[in-house]
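Labels run A, B, C, D, E, F, G and H following the written order; every chain starts at residue 1.
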Amino acid sequence: MRIEAGSRLLMIGDSVTDCGRAHPVGEGLFDALGKGYVAYVSGLLDLRYPERRIRVTNMGTSGHTVRDLAARWTRDVLDLAPDWLSVLIGINDVWRQFDLPLQVEQHVPPEEYEATLDALAAAASPTLKGLVLMAPFYLEPNPRDAMRARMDEYGQAVRRVAERHGAIFVDTQARFDAFLAHWYPASIAWDRVHPNTTGHLLLARAFLDAVEYEWT
Amino acid sequence: MRIEAGSRLLMIGDSVTDCGRAHPVGEGLFDALGKGYVAYVSGLLDLRYPERRIRVTNMGTSGHTVRDLAARWTRDVLDLAPDWLSVLIGINDVWRQFDLPLQVEQHVPPEEYEATLDALAAAASPTLKGLVLMAPFYLEPNPRDAMRARMDEYGQAVRRVAERHGAIFVDTQARFDAFLAHWYPASIAWDRVHPNTTGHLLLARAFLDAVEYEWT
Amino acid sequence: MRIEAGSRLLMIGDSVTDCGRAHPVGEGLFDALGKGYVAYVSGLLDLRYPERRIRVTNMGTSGHTVRDLAARWTRDVLDLAPDWLSVLIGINDVWRQFDLPLQVEQHVPPEEYEATLDALAAAASPTLKGLVLMAPFYLEPNPRDAMRARMDEYGQAVRRVAERHGAIFVDTQARFDAFLAHWYPASIAWDRVHPNTTGHLLLARAFLDAVEYEWT
Amino acid sequence: MRIEAGSRLLMIGDSVTDCGRAHPVGEGLFDALGKGYVAYVSGLLDLRYPERRIRVTNMGTSGHTVRDLAARWTRDVLDLAPDWLSVLIGINDVWRQFDLPLQVEQHVPPEEYEATLDALAAAASPTLKGLVLMAPFYLEPNPRDAMRARMDEYGQAVRRVAERHGAIFVDTQARFDAFLAHWYPASIAWDRVHPNTTGHLLLARAFLDAVEYEWT
Amino acid sequence: MRIEAGSRLLMIGDSVTDCGRAHPVGEGLFDALGKGYVAYVSGLLDLRYPERRIRVTNMGTSGHTVRDLAARWTRDVLDLAPDWLSVLIGINDVWRQFDLPLQVEQHVPPEEYEATLDALAAAASPTLKGLVLMAPFYLEPNPRDAMRARMDEYGQAVRRVAERHGAIFVDTQARFDAFLAHWYPASIAWDRVHPNTTGHLLLARAFLDAVEYEWT
Amino acid sequence: MRIEAGSRLLMIGDSVTDCGRAHPVGEGLFDALGKGYVAYVSGLLDLRYPERRIRVTNMGTSGHTVRDLAARWTRDVLDLAPDWLSVLIGINDVWRQFDLPLQVEQHVPPEEYEATLDALAAAASPTLKGLVLMAPFYLEPNPRDAMRARMDEYGQAVRRVAERHGAIFVDTQARFDAFLAHWYPASIAWDRVHPNTTGHLLLARAFLDAVEYEWT
Amino acid sequence: MRIEAGSRLLMIGDSVTDCGRAHPVGEGLFDALGKGYVAYVSGLLDLRYPERRIRVTNMGTSGHTVRDLAARWTRDVLDLAPDWLSVLIGINDVWRQFDLPLQVEQHVPPEEYEATLDALAAAASPTLKGLVLMAPFYLEPNPRDAMRARMDEYGQAVRRVAERHGAIFVDTQARFDAFLAHWYPASIAWDRVHPNTTGHLLLARAFLDAVEYEWT
Amino acid sequence: MRIEAGSRLLMIGDSVTDCGRAHPVGEGLFDALGKGYVAYVSGLLDLRYPERRIRVTNMGTSGHTVRDLAARWTRDVLDLAPDWLSVLIGINDVWRQFDLPLQVEQHVPPEEYEATLDALAAAASPTLKGLVLMAPFYLEPNPRDAMRARMDEYGQAVRRVAERHGAIFVDTQARFDAFLAHWYPASIAWDRVHPNTTGHLLLARAFLDAVEYEWT
């Protein structure tokens, strides 16, 4: 498994990451890591690699886009000096284009999205041992659905940013697609965005596979 | 407009109809009609035909299927002796097949759905002046989506029941499809089931058109 | 219908407009438009003219008089750069004269009311494509009732301001009077000020008629 | 003052009487008498006639009509064996005819109202030392207002019942009319039914004058 | 009655005056005058002298001593420019000496009490038409009780201040003593400080008698 | 110390005993013994005599009189088969005579009080190893105060009952009197009935002294 | 993996199993499976074996002992006809012996524990395809700690019952011990009983390993 | 008893001291001293030495370490000018090393702990009549338990600081150890840190013994 003993892993994103974490800094007692994939990643790391003592911090904030991440990047990422960083952002960047189509100032267009994410990766990379970029996803299996197609564009942008920075890319959408071949989206998320426990376990597994977690 | 002066119009269904109505009987002071299409139907009838003094009662109950309606048909419909009756049921009958696919005892299969609705229509018809059957809908524009296709089956069943009983059929799905040609579903319902104010106004308009409401 | 495709329509006023809208700006997800006539106007525009994509913003604030509107006109109207603007103000200007007759500093006398409204219209007009001024109303059918008579004075002032600025005048009081010929005021508002759903639908219809909405 | 030392005075009615009293029996510690005219009557009796030790019980229940009083007359009046009884009922009997005009089963027509009140007075009178019947009122000074005119009919019925039983009649409406000659109704009740502290003090004074309370 | 038409009467004090009044200024809609003697004074003035239109403002604040009144005298009294002023202060000045005897910084000794009250009276008097000073009271009938004896000292101080300024002195303690000759203190106040409705009616009557209210 | 190892001590009474204990049976986790003297007795027994493992159960119920105790004596005392029993009752028996003097059915006169307490002691004694009767008290140092004098009568009745049954009598009033020689009653109880922590520690000490607790 | 396609897996226990599940039956929408290991088991089964469609039901109830399970075994296990059953019980059976040592009626001694668990296994086995018995645990690494030693006894009893019924035994304590070799107990549970997310993931992994889940 | 008449005793610490005390200063009405050992100390002092009138102030704050105490020492100790001071700090200094082992910035190492406590004692001593230093404790009887062993180190540091400053040292751990010889830790604290009433009485007794309280 690639995350070294003694590392600090910071995971940032939107409401899928946040999940009720402690603010302003998501670590400490009593569900401070939130109730989603971040807590699962932390727990599974501790169970399998108890001697590595990896410190996980959840810096997700509900409703945020990559634009919001940029505004708090120094305080919420750089100042905390993580060794590993994972980013899962973009869902709101796309969603607002579809649920609030007329409030254009809330939309983050793909060019801005990719450029911003690129800049954030560049700013963080020098001091990181590992960077993981997770694609935003939409729990809609039909690739011709307008919002799904748009989300795929953003996912491709994440893939390109990852390649440019030598980061690990996690194709969360592909993972969900495999699952949705068997189950209808409503069984894990009525709104096709906020997954239930099963969906968060999927995200945790996707992340852990990407860092070469040994399951057995 | 077909609803006669002095009529009592009872509207029954699930959460789309309920919308926070008064219980056990949905009429009276303070939002007793709920905050959805039933209140809009009542208000628009009063504004355009104030002299007809049509009494509207909301008997929707959240989460209900046609099976639940059958269990309370005598008390909640027949005993209240409406002149006109509208029924909008079936969404949960279908939804549970997709969000809780393993809890089969909560699924109402199409044969049972149609037979039950037919029996309810038969029981109510003799004393009614008018019966309106509204198709269940799903705010998903892709006709090949599994749940949408299933919902369409149930909508066809409603159409057949309406024909057998000489009832007015309201094709709510067709109305929503026309709207969804311009707007993405998430703009009126994150879960593609519970519409916002715009969606409820659409339902009210669909119902009123069906009873030949004169808009001007 | 006179509101052009792509327009932004801002509706401002007091509690009748506010109805629980989002603050500081009344647009976005989850009933951000409030639960009154503004949401109905927006929904009915979208249903009938889905391709026009008219953006509606609710800037009503409970308890406000025209004096309060003046204090926030730049931030809450001019800065948002609407194409169309509707104003429904004056109820509190009058009401406080009757329910708190001794707290004279809370009363807005008719001269100040008309002058202020005139100034607000003048400030906004240059950049507007359309201005709609709605008369304040009182759900009291007796024209000799003291507060009703006073409200009529203020309604006349609105009419004069509309004429001076070439604005559309909406005679809400006349609309309600027609309705009250058939129904007693208590059936839509115990306090004769805050209407129920029926009253808000009346306001929405009055506004839409004024902008030549095509109902069929 | 006519209420004898050691008497128990029971005051029954609707929400104007109830005012948050203790249930099931309105007496005891901590605002058990409610926060309206009943508590004022009790307090003023105690202050002026401390040695008479008159026990006051509040049996008002919000929303009730004379029909509801009949249903609980034995338990809530006769079983408590009062020496003096006051009744203030009829507002809801009339109000429902105006705010819920179509829910006719909630209306108590004048004949039923008078007959029921008469029967209640007859049932209670044999064991009473004094019976006080207070007219229902409506805080609307215009005698041609439909609901006010209706309320006056019911007030006349109370007067007739009082005469038939030798009871004391309290013309609450006349009292309020005198006050409303100076103040607009909204200054004491937005809904023209539930008065503020001033209105409750008026009711207390009207009752006390009727039993010949010595103010000085 | 001595309070002239059009006067503003400001009543200031501690929790006995406050009684849940609106803050920062105790007047307006919805129990803004609190639920105690101030509201009763206002209501009884309006009922008996409706044409005088006397404006009452409640500026009591729970827990305050005369020292706290001094700190807010300009803002809460002088700036509001009352015509008549009533002051009921001193209970907490004494009470803290007995329930928190060791927290001496919370005690206001009699010399400071009298001097401060004198200064407040002096500051307000020039612009007043009438000043009413109400003695603090303790609902303990035993004059040798330590706290009662102390409270009597403070009451005497109020009397002296009143005499020096030609103010009206209201001997609330004497009023309560007369009542307590018939009723045990616990029947109006478990803590012997915060009276129930009966006690507040007593205070209102005491004030009104002092300003020569005509009860009949 | 007289309470034997392995004993069950049941303490019953009114709100002074209850103090928020668990219902229906006052023992178990999380403040099940309440927050008053019963918990202190239990804790102090455990600290000084940890090896005796004395089980304490709190069966106090707020508002109760000896009449209420009689109604639940079998279920709440006899069925629980205590070895030691303490009773602290009578405060409400007396208090209601003073705070609700007219609601005579809530008063327990001294004869009934003594006879009932005697019968309860007789019913419990045969199976007890020890019975402790605690006098009701009133935190009023003036022996001529009417309620204090009445409470003293009830305390004397407890003393007589204790003598008749060979029970241990705890003179709580004498204990409080000694304390009140130094502190004013308001410093431990505004209502002179419900003591603060200091007062509950006094009660615990009084009980423990009576059973010959060794403090050192 | 041993659980067959189409199976129903019922998991029963105490608060560690319950975790806020739906009552009376723990399955359905919105965290109906609770927020602990049961939801993780269900999610991980669905992710790895989506085509098996295994239905999981959570029947844990906070505070329960094996005695409580016996009382509801027919309704909560047999009537639901599971194919697979897991039981995790005994923590409260032991805990009450240590936190409430004197309330002996709440203690379940080891003989009763083993006999009851044996009887429950016997009653359920005939219709099961698989039975999993999980040992109760205590997050205390010191084997000589009194409660830990006692818990180990109960764990041995579970092992014996499993052997007698050919059931799968899950040694949860051994799993936790391995983890506690690296982390202090307080890092996963302040009370050494209710684990955090990490501890629940451990339980889920232990169960899944026992049924031969393929992690890769 | 060593605390002189008229002294002010200030007790500072963490959540064990705080127990819901009033903020910012822990003294006054209504449980201002919190519900733990501070209130018991105050009460027992008042009961045994009523004439000494010792003023107790609770300045504990939940979650605090010695580092937090240093940050507020001037405002919360020196500015209040106590005569006697007690300090019970260190539990969180140690606990965070075990429940949040990776959040090292929350750990207070032993050197810093002792040096800081020493500095605080030095700063306060010149104006004190008495200083009491209470050892931090852990309700774990096994001396080889890692956190218990660590806590003992901190307790020794307190002992050394006490010796250097001639302060009274209270060995709370030894007291608890004696108790835990008879009772399992879970019977007074599930988390082995926050004791129940019994544990707080133990702390109060330990403190009072240290200042030579005369129990009899």
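What we mean here is this: contacts are C-beta pairs under 8 Å (C-beta built on N, C-alpha and C of every residue); 3 or more make two chains touch, one makes a residue touch a chain.
Keep in mind it's a predicted model, so treat the numbers as computed, not measured.
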### Message
I need the common contact partners of chain A and chain E, sorted by label.
### Response
C, H
### Query
Which chain maximises the distance between its CA centroid and that of chain G?
E
### Summary
Between F-H and E-H, more C-beta pairs in contact link F-H
#### Entry: Relative to chain H, chain with the most remote C-alpha centre
B
### Query
How many angstrom between the C-alpha centroids of chain G and chain C?
62
### Query
Per the centroid of Cα atoms for each chain, what is the distance between chain A and chain B, given in Å?
40
### Query
Between chain C and chain E, what is the separation of their C-alpha centroids in Å?
45
### Query
Which residues belonging to chain F are in contact with no fewer than two other chains?
99-101, 183
### Task
All pairs of touching chains, please: list them by chain label.
A-B, A-C, A-G, A-H, B-C, B-D, B-G, C-D, C-E, D-E, D-F, E-F, E-H, F-G, F-H, G-H
### Task
Would you pull the chain A residues touching chain B in the complex into a rising list?
95, 98-101, 142, 144-147, 183-184, 186-187, 190-191, 193
### Summary
In their shared complex, chain A is touched by residues of chain C numbered 27-29, 53-55
#### Entry: Footprint of chain F on chain H - complex, ascending
31, 33, 35, 39-40, 42-44, 46-47, 50-51, 179, 181-183, 196-198, 200-202, 205, 215-216
### Query
Which residues of chain E touch chain H in the complex?
99-103
